[in-house]
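Before anything else, here is the set of structures, which you'll find just below.
Across the two complexes that follow, chain A remains constant while its partner is chain B and subsequently chain C.
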Partner chain A sequence: MKALPFKLIPTLEARIEPSLIMKISSPILAIFLTLIVGSILFSLLGKDPLHAMQVLLVAPLSDAYNINEMLVKMGPLLLCAVGLAICYRANLWNIGAEGQLLIGALGGSAVALQFVDSSAWFALPLTLIAGVLSGMLWAAIPTLLKLKFNSNLILTTIMFNYIALSLLNWGVHGPLKDPDGYGFPESAMFSEATTLPLLFSEGRAHLGVLFALVLALMTAFLLSKSHLGFQIKVFGSDEAAAKYAGFSSTKLTWIVMLFAGALAGLAGIAEVAGPIGQLVPGISPGYGYSAIIIAYLGRLNPIGTILATLFMAVLYMGGDLAQIELGIPTAVIGMFQGVLLFFLLACDFFINYRLNFNKSNAAYAQ
Partner chain B sequence: MNHLNNSSNHAQQGRQSQNPQRLSLINITKEYPGCIANDKITMSLAAGEIHALLGENGAGKSTLVKSIYGVVAPDQGDIFWDGRKVIIKSPSVARDLGIGMVFQHFSLFETLTVSENIELCLSKKQLTSIPDLSDKIRQLSRQYGLDIDPDRHVHSLSIGERQRVEIMRCLVQSVKLLILDEPTSVLTPQEVTNLFTVLRQLAAEGCSILFISHKLHEVTELCHHATILRGGKVIATCEPKNETSASIAKMMVGELAEQTAGYAKKQGTDTVFSVNNLSLSPLQPFGTTLKQINFQLQAGEILGIAGVAGNGQDELMSVLSGEDNRSKAETICLENQNIGRFSAGKRRKMGLAYVPEERLGRGAVPEMSLTENTLLTHSEGFVQQGLVQWKKLKDYTSQLITQYSVKCHGERSEAQSLSGGNLQKFIMGREIGQAPKVLICAHPTWGVDVGAALSIHQALLTLRDQGAAILLVSEDIDELFLLADRMAAVCDGYLSPVVQTDNTNINEIGQWMAGTFIDEEQSTMIDTSSTSPTPSQHSKKETQA
Partner chain C sequence: MDIDFITQILFAAIKTGTPLLLIALGEVVCEKSGVLNLGQEGMMLMGAVVGFLAAYSTGSAGLGIFGAIFMGATMSLIFAFLVLHLNTNQVATGLALTIFGTGLSAFIGSGVVGETIQGFQPIIIPLLSDIPVIGKIFFTHDLLVYISILLAIAIAYVTNKTRIGLILKAVGENPNAANAIGINVLKVRYLAVLFGGAMAGLSGAYMSLVYTPMWIENMTSGRGWIALALVVFASWRVGNIVLGAYLFGLASIMHLVLQGMGWSISSNLLSMLPYVATVIVMVIIGADHFKEKLLAPRSLGKPFNPRQMA
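After this line comes the complex of A and B, so read on.
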């Protein structure tokens, strides 16, 4: 039998230059592939995949209540993701948004609980500032360790997530526990003065969501128009050039990390001072981790991040609805996120590589 | 099946219609948006022929050799290899055919050792045929005088040493066609002589060599044939031994090339920049320790520093530019201010500009536009309240591009899309545009063609005449004699005395480059004062011995 003129198993080869088409279509392709895998999974579970997709992706946008709830989820996701996108632009692998969010909530709550019986106008700003500063502090420790001892940022930020969770648990079981709460691990309800105002007459969407959108747009503006944004981009893409130009890597590392910490801290305090209204152990269903995926899905661009957050928030909402309507565990959302990140990284690979079905001895062909 | 039959027919036709040339190019055409890089280029190489490919930057030399090496696919035209028509789809296909190439921008993994880097490009078959790669490298290294230690990590090697690794990589693969893009630009005169011996030896063994160089006397000395490109077309071919450097230069750049015999030397005025007793251990484990370096740089002069790659130039440059600011404050002085501890950014604000050795990846961010790369070092006047005045910056960049005749599509071109010489003209223009008091310039015309080198030289002289102090570090001794008003040499981290260029000659500087100025007393004093010497010091001393 003669050999085929092409290979059945293609070889990988590097592209001469990165493919622009793949750069743009990679996130879309990844979402599409995720949906296919999801459909197969739902079929195997004995659910109608079309109905499941409808519940997951369409239902969350179907009425005012659901849209409100989706916006509530968008707030923290977007804040964390924008901060992380800037970190990754600067080649700083901060995985600690989750911990910074939790500590932001904890620190902000400690202040808010001083105003349980008060209606002072400055109570809310003070609470928010406390949250932001706590988030920054939590980002500052791994940053200091990196700069002083050259420790690995990925490892320290992950470890600080676990420390943050333990601190939060200690807070709600100990000093911040509501004395009239029958021993439940929860703080007292925040007063009106330390609660974020609602955006609409109905629903739970609050001022924090607006903060997130405004901050995302501002970050996009600063990244493309400011000298600082330029320095961050240079620092991330070519450290030798940044050094040659005289940009201070220490200064840029601090700015970027503290900025991300501040945004994550704000996300945390906006959760407890917004839809939750008190400090509880389960503030975040992993917003800080999902934000990593969102930052990549949004191509590390603050505007792209807004779109990616929208998608992820829909997925979160859809997960809740799927649990109610289809009896599928919410763990399915974690799985969806994992599959999505997997496909995204796989698709990104083809920006710089391609499959070659031609025979390797093609040199002599033709 | 049909497909395969057809192909063999083609191949046979090819065989009949061609002479037994090793490589023939017929009407190779490659068009990029906005320019034709190669326009119907036809040329051929016989076995054992050393063929020079000449032309200005942007003449299409790189594109042509990339087509041969399978990096670029030509739009039209045919390539015949040993009389057979081939389509070279990738460098690995080229290597399978027996084509090796040493690029101008090296492609080595910095974290791996020399022998690991070489091992990576070998096929399984080649690997099994070599019992011990390190031994093979040592043996070839001795045979060709390349002085390569297979166990060293590439990140600790200087540019010159890295280039030798690239040449070694091809030698190990026993190639049939070796393409060399400016191989001699970082070698000492002795090393160049050694390299030429290697190349002649290879050619005598039947290997064809395609040699790109801007040093025309090398071409007349070494090459059997030359093809000259201008604007993507073959405009002349010649036998270099029947030509002179001047006549070839004329063919390359047209009537424009009036190489001046020399420039007037100038006397500097006040000292603006000085280095006082600078000694510093290296950051890199295999770097060179700087030892008791002293010199003064005066306004309105060019001070040239000669030396073979890897003798402390890289370390000295980063200490002077501020990228390495570990030296004592008083060891470096700019206008009576001790700046040894200042960051690169702070020094730049004080009027110290710097053109680094690596253009891409340090002097310019590869994937950023020229406008963004202007902003990299030139933010003065383009940033208001923290915001970048992009419009103003774009206009200024376009002006730089015109003023220094940088060949590119415009200010939006990515730095990596420019040829080496054009990028260098851009970087020079950017640094000079900041009206520096002191300009530190490393290897300004390395890999740059005659025309571009001329305009870079002119720019440097103009800057000097405007009163700037210029420190010129170069491995090209001819260039230093041409430009420098005073000269010195570095060897093993020591700096020789500084002399007037008019009062010295190439022999004296050549001896200084080999370290004759280092007296026994001085070196023993240093050896006892420093802690245990690093391995590199050992190897360097052995090299000199």
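After this line comes the complex of A and C, so read on.
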């Protein structure tokens, strides 16, 4: 029997340089693998996998209504993800987008509800500013605790997510509850003056989605062209070098965290002043957590994040459609997101390593 | 406040603290080996849902417990493979595990939301339970509470007094040195992570089989995260973890205490108490940075890469 010219079981070897091709293709590969796992899961559940994938990925883009709804989901996801991407670039483990979003919605609503019977032109800007400031405040507390008391940012931001949820529930059950609402835990409907204008003649896509896109592009520009963007990059990859270069880590931490808080706060107020139209307990189906995955999927790059958000919004929309058409609980989307991040992390391994099938130069990398 | 009320509160504090104790005991072993697994919440939820499903379909709470332990360990195996073999970032991988577990548990549990089962009956220990006040607080619990205390004693003994504990410590403090004297670092870390997963599963089962007993989406409500703070708070010492778990248990039922004392604060506001307590604890720990650095396993969160050694 003649020996094969290549090895059946490849050996693993370190790459000399990280692979740029792998860095870009890893998210695509991860999405592909996730869809394979999804297909297997759907087959096990007795659904036709091709039909399920069609419902999940194609149907959300099939008509004007679905595209509108998909854009509505894109808004908050993109805003949160861009903020988180910048944080992760600077090595700041901010998991608090969900809480910042909820508090943004709460704080903005408190202002919007002062204008229920008003048509003042400044009502909407004030509402949005209140939402942004509330989100910033909610990011500022863990930042302060980190800088002053060196407390763990991951755990404090997570705890602030839970505290935010309690506060939101308190708001809709207490001071912000609609007095004429028959006891439902909801605020009054916002007036026209505090509602974001719609983008198209039909559907629910609103100005907030446009804000998200513009802000993502602006962030991309600032990151690549400004000195601040450069500082963040250096700070994230080598903190010692950043300090040596005289960059203030305190200042950068504040800027990055407040920026992320502002974006998440805007996401929150844009949800209640946009598609929802009032403050309710269920504002976010975990947008702030999904944004973590989006940020990674988009390679912590604002432009990549736009593409990743598009995929995730389609998936969210597809999850809604799958529940209606296939009777699959929407929770399946959360599971897909987890699998996706697993695959992404695993594929990223091959940025720094490669499989060697070649018999002759196995020792080359050593 | 009479003595009966205080007795009831302390009894409830132990009951509420037990899931935290179970999961923190698993996590402390995992962290002692140098691995930080932020997937606690996801593993706990999976344990809770699988434990409930197993108990619901077989009618046996005992099988539910085994199912939950198995599920928790399986979940941690995914984490272990990614972190130990592919050297992925431990923080990101742990987060992925939590997101995955949250989604998957909601998915597979969607059919049994609101169903109830026969949970564990309390076991009243004869003689000891007759001691006034203390007897009621400590010796009228269900089986898992006693098991959690026995486990705490066993883990304290093994980590402090045995060769296994020494190996665990060596791997967590200095994996390169441990490797040099012939300890299989990856194997030790695999086992530690698996143990953490099994305990997280058991803790989840406590929630869905004993504490409530039913399955609700996201029913662990952050206990996995609180346990992570608890381990740091306890300076990686088992005795402190037991105390801390019961203290957090007390914080979690504080709203009942305050309502019992006639305070009228919104229950929505009071429900944030355990989380606020955790933040305060994080501030206290962080402020004593020197101590934390001294006590934390040296290689915590850092990958060990045998490929670089070769």
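Everything that follows uses one rule, which is that the second predicted complex is superposed on the first by the 340 of 366 C-alpha atoms of A that agree within 3 Å, B and C clash if a C-alpha of one lies under 4 Å from a C-alpha of the other, contacts with A are read in each partner's own complex, and residues count from 1 in each chain.
Going forward, a residue touches a chain if its C-beta (ideal position, glycine included) is under 8 Å from a C-beta of that chain, and two chains touch if they have at least 3 such contacts.
Computed from a predicted model, the values in this text were never measured in an experiment.
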item: Partner chain(s) touched by A:237 [first = chain B, second = chain C, both, neither]; value: first
item: Which of chain B and chain C A:36 touches, first, second, both or neither; value: neither
item: Comparison of chain B and chain C by chain A residues contacted; value: C
item: First, second, both or neither for A:154, with chain B first and chain C second; value: second
item: Touched partner set for A:355, first chain B, second chain C, both or neither; value: neither
item: Touched partner set for A:336, first chain B, second chain C, both or neither; value: second
item: Touching residues on chain C, where the partner in the complex is chain A; value: 38, 42, 78, 82, 86-89, 91-93, 95-104, 106-107, 110, 217, 221-222, 225-226, 228-229, 232, 266, 268-269, 271-272, 275-276, 278-279, 282-283, 285-287, 289, 307
item: Of all residues in chain B, those that touch chain A in their complex; value: 1, 3-4, 6-7, 10-11, 71-72, 84-90, 92-93, 96-97, 321-323, 343-348, 354, 356, 358, 361-368, 372, 375-377, 379, 383, 386-388, 390
item: Residues of chain A touching chain C in the complex; value: 12, 14, 93, 95, 145-146, 149-152, 154-156, 158-160, 162-163, 166-167, 169-170, 173-174, 289, 292-293, 296, 329, 331-339, 341-342, 345-346, 348-349
item: In the complex with chain B, residue positions of chain A that touch it; value: 2, 5, 13, 16, 225-228, 230, 233-234, 237-238, 240-241, 243-248, 358, 360-366
